[in-house]
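Both complexes below contain subunit A, partnered by subunit B and then by subunit C.
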Partner chain A sequence: MKMKAIIGLALTSTLALTACSSGGDDDTTATAGAGAASCAPSSGPVTLSFTSWIPGIEDVVKVWNAKNPNIQVKVQTGPNGNGGTYQNFFNQLKAGNAPDLGQIEYDALPSFRVQDGLTNLAGCKPVSDAKDQFIDWTWNQVSFGEKDAVYGVPQDSGPMALFYRKDLFEKAGIPVPTTWEEYAADAVKVKAAGGYITNFSQSDINQFAGLAWQAGGHWFSNDGSKWTVNFQDEATTKVANYWQDLITKKLVSAVPPWTTEWDSAYNKGQAWTWVSAVWGANSISSGAPDTSGKWAVAPMPQWTAGGKTAGNWGGSSTAVFKGSKHPYEASQFAIWLNTSEEALTLLNEKANLYPATKTGGSLAALSKGVDFYGGQKIYDIFAQAATEVTPDFTWGPTMTSTYATASDGFKAAVSGSGTLGDALKKAQTSTIDNLKSQSIPVAE
Partner chain B sequence: MKSKSAAMAIMGICTFYFLVPIWWLFVGASKSRSDFSNTAPLWFAHFNLGQNLSELFHYRDGVFLRWMLNSILYTGGAALIGTLLAAMCGYALAKYRFPGRETIFNIVLGGVLVPATALALPLFLIFSQLNATNTFWSVFLPSLVNPFGVYLARIYATASVPDELLEAARLDGSGEVRTFFTVSSKLMFPALVTIFLFHFVAVWNNFLLPLIMLGNERLFPVTLGLYSWNTQVNQLPELRMLVLTGALVSIVPLVVAFLFLQRFWRSGLGSGAVK
Partner chain C sequence: MTRKKPVTAILFFVLPFGLLFIAFYLAPIGYAIKQSLYKVTRTGTFGPAHEVFGGFEQYQRVFQNGPFWESIGRVLLFGVVQVPVMLGLALLLALLLDSGLVKGRAFFRLAFFVPYAVPGVVAAIMWGFLYSPNLSPFTAVTKTWDLLSADLVLWAMANVVTWVYVGYNMLIIYSALLAIPQEVYEAARLDGAGPVRTAWSIKIPLVMPAIVLTTVFSIIGTLQLLAEPQVFRTFSSAVSSTYTPNLTVYSTSSIPNFNLAAAFSVVLALATCLLSFAFLKVTQRGDDK
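After this line comes the complex of A and B, so read on.
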């Protein structure tokens, strides 16, 4: 008898569970609307949720919370975007419980835009007022060049420059390259001196993207209705051929990036330079601690002698998700987080973020000489580079899969089967297929 | 003699194969960051484990210890209650006759085939409806059920709990629940240990559910926490040593659980063999 009762209980609880799963349709479509949504201040105290994986972000938010008792921000965290947080954002958007604000890297922003997951902040006064404080190209990254559109507030940027082993270059009597032509010529000399000029990033496509960005490549464009995909424009092809040549002649090493072997190659002086973003300064100093004092930074080599263009590698934005009930307050917070000196200083201190604002480069922390780089004021070089980044590079809405295809091709090219050009051709077709399979209109 | 040494050789190779990664981890965790990228990966350099541990335990107000505690709560709690549920369910399916018994059992068996990964997203949507995501319960409750445990419990109850014994207990006036706890569960004990261990490992390794459910760092289990750190290594390379040391510390509870419980396990398998 008792048995029956227990089973009955078990059954009802299963039923209760299924009832929950099918019960109640979501009502997330409340604030959906075309163009810039209305953005009025809320009355009364507001609590915002903010998801970010920046190490130490809570400490930054604490400063805001102490000053703004009526706009309290709650931090949620997790792995980095491609490590799962983006997927979580998409799940949460589906379930209607996305946070008010989230950290989204520039190259992932279009995929959220395409899925209609972002609030257009163009109508939010705090955002439109702050527009001029940001470096123009970072603003393009969040507006996609559309008029009356701002899908996030630029947070950090990764202007690129040339890290090089000053001591080794001096000892070997090789001048520091200022153009790519000189760089290739130096590669031969460095090889003769027993090293490699650099390590070609075979699996992290973002470095190549930064190089193509500098050369003036345009991988994606959007005319408002259709996407155009082009991994084979003149500039990108030039960059691909250049590096393919170095790979074929075995003038660059190809250790997988972000591994201990990779660190070790720099630590032991096997690789002499690294064309990388501003945050790379910290990658070297912590990955190659034995080389302290021996590095220096120079502007990125140029395609034309005397040119002044830089690439960008990385950077993220603070976006407000669709469905946030307080876009005004959320944008107030996002602007404070990414323009105020106290927040930028903290973000730089905790997580080495490099600001996306025009004045950000002159933060006290970024004006000092860095011992690891022989006391050089390396951030001056990056501040200059930040203003020289080609302004109109656009990311596509399917970067994750594009990176995966390209990286497979790059690995093959490095091991001798195929070329970087082949890899880009493959990335082109697979990206177009991918866009089509998601019913995103593509121009061919 | 020959076959014995061959068997030993195979066992030796397997042991070696399984222990090398752990050895690597131990050696790696004992090094300072510069030694880690500069010295041979399988042998010690300057022994720095104490320093690494203290850094790990103090990093961000000791959040790592919190993660360990969470993991132990999620897995230990879920495995204990889950084992009890599985045992009662399997026992009922084995020892009582009621309409729908086979149907229920088959549904449970079907559940064995559904990987936990496939359930994570539906569970997230369900918990979203209840506004219960990002809570302790959103990870704990789904971890309680274990269809494979029910299956094991049923098989073992059929084999090890004689109907005559239950009959005798009933004649002596013992209620069904009391019989289960005082007689049957004792007979099923080795199976329960097995179920517990399986369940413990399954919950410990169920990574996707907390990844999808949780946003509050203070609720993370250690697997998710270390993974998060590991994804930030590009940005903060100093995290690498913390991830390594943390990985080493995080396997300790599993090793302890196995060493402690395998005693029961072995005696159970043995007693089955004599019968």
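After this line comes the complex of A and C, so read on.
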């Protein structure tokens, strides 16, 4: 009896670990789709599944469904990509039941491509016809700079700017910083006035990447046969040292981001600025509703006075997963979602998305003043920033784990053990290890 | 005199369990073991992946992985402190309920059990709010001690786990107490034993099997901590992506590196099995004396 009980125990403990990993191999579908997939229209009515975490996406899809009775899209929402949806996608791909379409940020596209999870849409007419409509660098992100390769339809971009509490800056008589040097100097004054210049995010490594991107950093490169990983180039080190200095001097707060506590810190006016992307406009208005009318947007502080460079944080594509039976219809929907005026206007109204199309910037919705920002025409600032983003930033194929390790180190740094520089060094080592453990060639 | 075994009847009763057992226990375990013995190969930076047999290569990575073994050490430390505290409390509460000193027994029995009915994630979020300096209603406490700091967060989580499981364990021990025949108590009373003496010399020894059982469950639960640290990651800077062994498994599978994650799982399962087995062995030796 005892032995049986023990075996039972052993099995019980394994169950929890293994329950999620069952599912069939999809080797057969994987090999069939190499190169540009054949992309023919299906006959008869089609139902597509689509997973996305854009606030209000259901309402946008409703408009499509009303107009296209033969191509019905079922939308499913979830947490943001690194918050769990990517993990679901990977699991679904492994199990062979991924949705037809999914939202994937540019930084995660290489991860999905390396796992052979995406359909190459280069052979899909709706996509190849629309190529010229997209801003060059966003197209570069989905095509990896290759011919006959399109692994997603660009949706939005995340040009960065400085969100700041106009009322507090005016009251304290502090001018809005235009350079990082001024920003650091202002941090001291803001601290004296009882606030923090900003909240340093310990887990938004992609935000930090945007800051490094602005300074001219390059984290990954891929020469076709090997990856190169470098989180310690001159520009990135400069940015890391800059923020480490603010952390050490306790001039920035370090509330864990995207928590109720974080919202409350902004809502109570503890943090005066946020260097964030255009979609951050929505995060502030929904997270800190009491501060309506008190915010304004200015261009990102510069490393050299009078400079004109911006970073980018986020931006998504709509990708078609491997195994979708209707790539043609799926790409029709993806193109409508990301180029049509009605969809782009709705996406901007619901989620402050900034389109990835060349003409997107002239949408009527984008030329209006935004009440939450005191009626400022904030999109003018972002339109300018969008043209100042350098186009050649490459993402690696295991960003989820790179972010996780870097964030472990950033968390340690804000709690006073180690520095941001240490964290980046460690993240680089572990990223290289990860690539090797998956037989992805990497230069040492 | 030998009777024919009712084979059909046995099959009838065993089959449903057997099928579910195979489908939901044996098959997944087998699949995990199989996955853990494979590795991925590819050509070029974006070449398609092929799974090939890799022997114990993933296990070699597991044993070379420092953070994983650190996390095992961390949950063991957690268990050494939290399990005795929790079970001590559970035993005390069970004895109090059983002693007749408490009025409204049914009410307290339910009240202690209610936290267990709260889903673990919800409990963790609730306590996370209570601990957060900016949100907590108990600012006097959170201002003096940062309960989410590297020094304290492990024990802050121990408090959550204790809060959730004390009532559950109490109930198991309490039902064992109810099963003790009244004659034993009568005999003890005749021998002049008071309530404390009865509790110490009669009740505790007789509910020992229940205590052993709850300890084994607790050891398993401790090694597999996931929900609490996963939730606390968002609240605290001190909880890393490899804070507990199961978090390591989770992070590894979201790379996604399913083969390595499977190897981590198998090693963790073996470690759990080994510890539970060792604990049973030790307590059994006590019985033989």
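Quick notes on this structure:
As a working rule, the second predicted complex is superposed on the first by the 361 of 444 C-alpha atoms of A that agree within 3 Å, B and C clash if a C-alpha of one lies under 4 Å from a C-alpha of the other, contacts with A are read in each partner's own complex, and residues count from 1 in each chain.
Everything that follows uses one rule, which is that a residue touches a chain if its C-beta (ideal position, glycine included) is under 8 Å from a C-beta of that chain, and two chains touch if they have at least 3 such contacts.
As the structure is a prediction and not an experimental result, all values here were calculated from the model.
In the superposition on chain A, A:Asn352 contacts subunit B only, with no contact to subunit C. By the touch criterion defined above, A:Pro391 reaches neither subunit B nor subunit C. By the document's definition of touching, of the two partners only subunit B reaches A:Gly78; subunit C does not. Once the two complexes are laid over each other on the shared chain, residue contacts for A:Gly194 go to neither subunit B nor subunit C. One of subunit B and subunit C touches more residues of subunit A, and that partner is C.
When the two structures are aligned on the shared chain, A:Phe90 is found in touch with subunit C, with no touch to subunit B. Of the two partner chains placed by the overlay, only subunit C lies in contact with A:Lys226; subunit B stays clear of it.
With both structures placed on the common chain, the touch criterion links A:Trp279 to subunit B but leaves subunit C unconnected.
Contacts of A:Asn434 after superposition: subunit C is touched, whereas subunit B is not reached.
In the superposed pair of complexes, A:Trp258 makes contact with subunit B and with subunit C alike. 2, 6, 10, 17, 20-21, 87, 91, 94, 258, 260-261, 264 are the residues of subunit A that lie in the contact sets of both subunit B and subunit C, per the superposition on chain A.
Residues 2-4, 6-7, 10, 17, 20-21, 23-24, 26, 51, 53, 55-56, 76-80, 82-84, 87-88, 91-92, 94-97, 99, 258, 260-261, 263-264, 267-268, 279, 282-283, 286-290, 351-352 of subunit A are the ones that touch subunit B when the two sit in their complex.
The residues of subunit C lying in touch with subunit A in their complex are 24-29, 31-32, 35, 39-42, 44-46, 48-49, 51, 61, 129, 132-135, 149-150, 216, 220, 223-224, 234-242, 246, 249, 251-258, 260-262, 265-266, 268-269, 272-273, 276-277, 280, 284. For subunit B in complex with subunit A, the residues that touch the partner chain are 33-34, 36-38, 41, 60, 88-89, 92, 96, 98, 121-122, 124-126, 128-131, 133-134, 175-177, 211-212, 214-217, 224, 227-228, 230-239. Residues 2, 6, 9-22, 25, 30-31, 34, 86-87, 90-91, 94, 110, 113-116, 144, 202, 222, 224-227, 254-256, 258-261, 264-265, 397-398, 400-401, 404-405, 407-408, 411-412, 414-415, 417, 434, 437-441 of subunit A are the ones touching subunit C in the complex.
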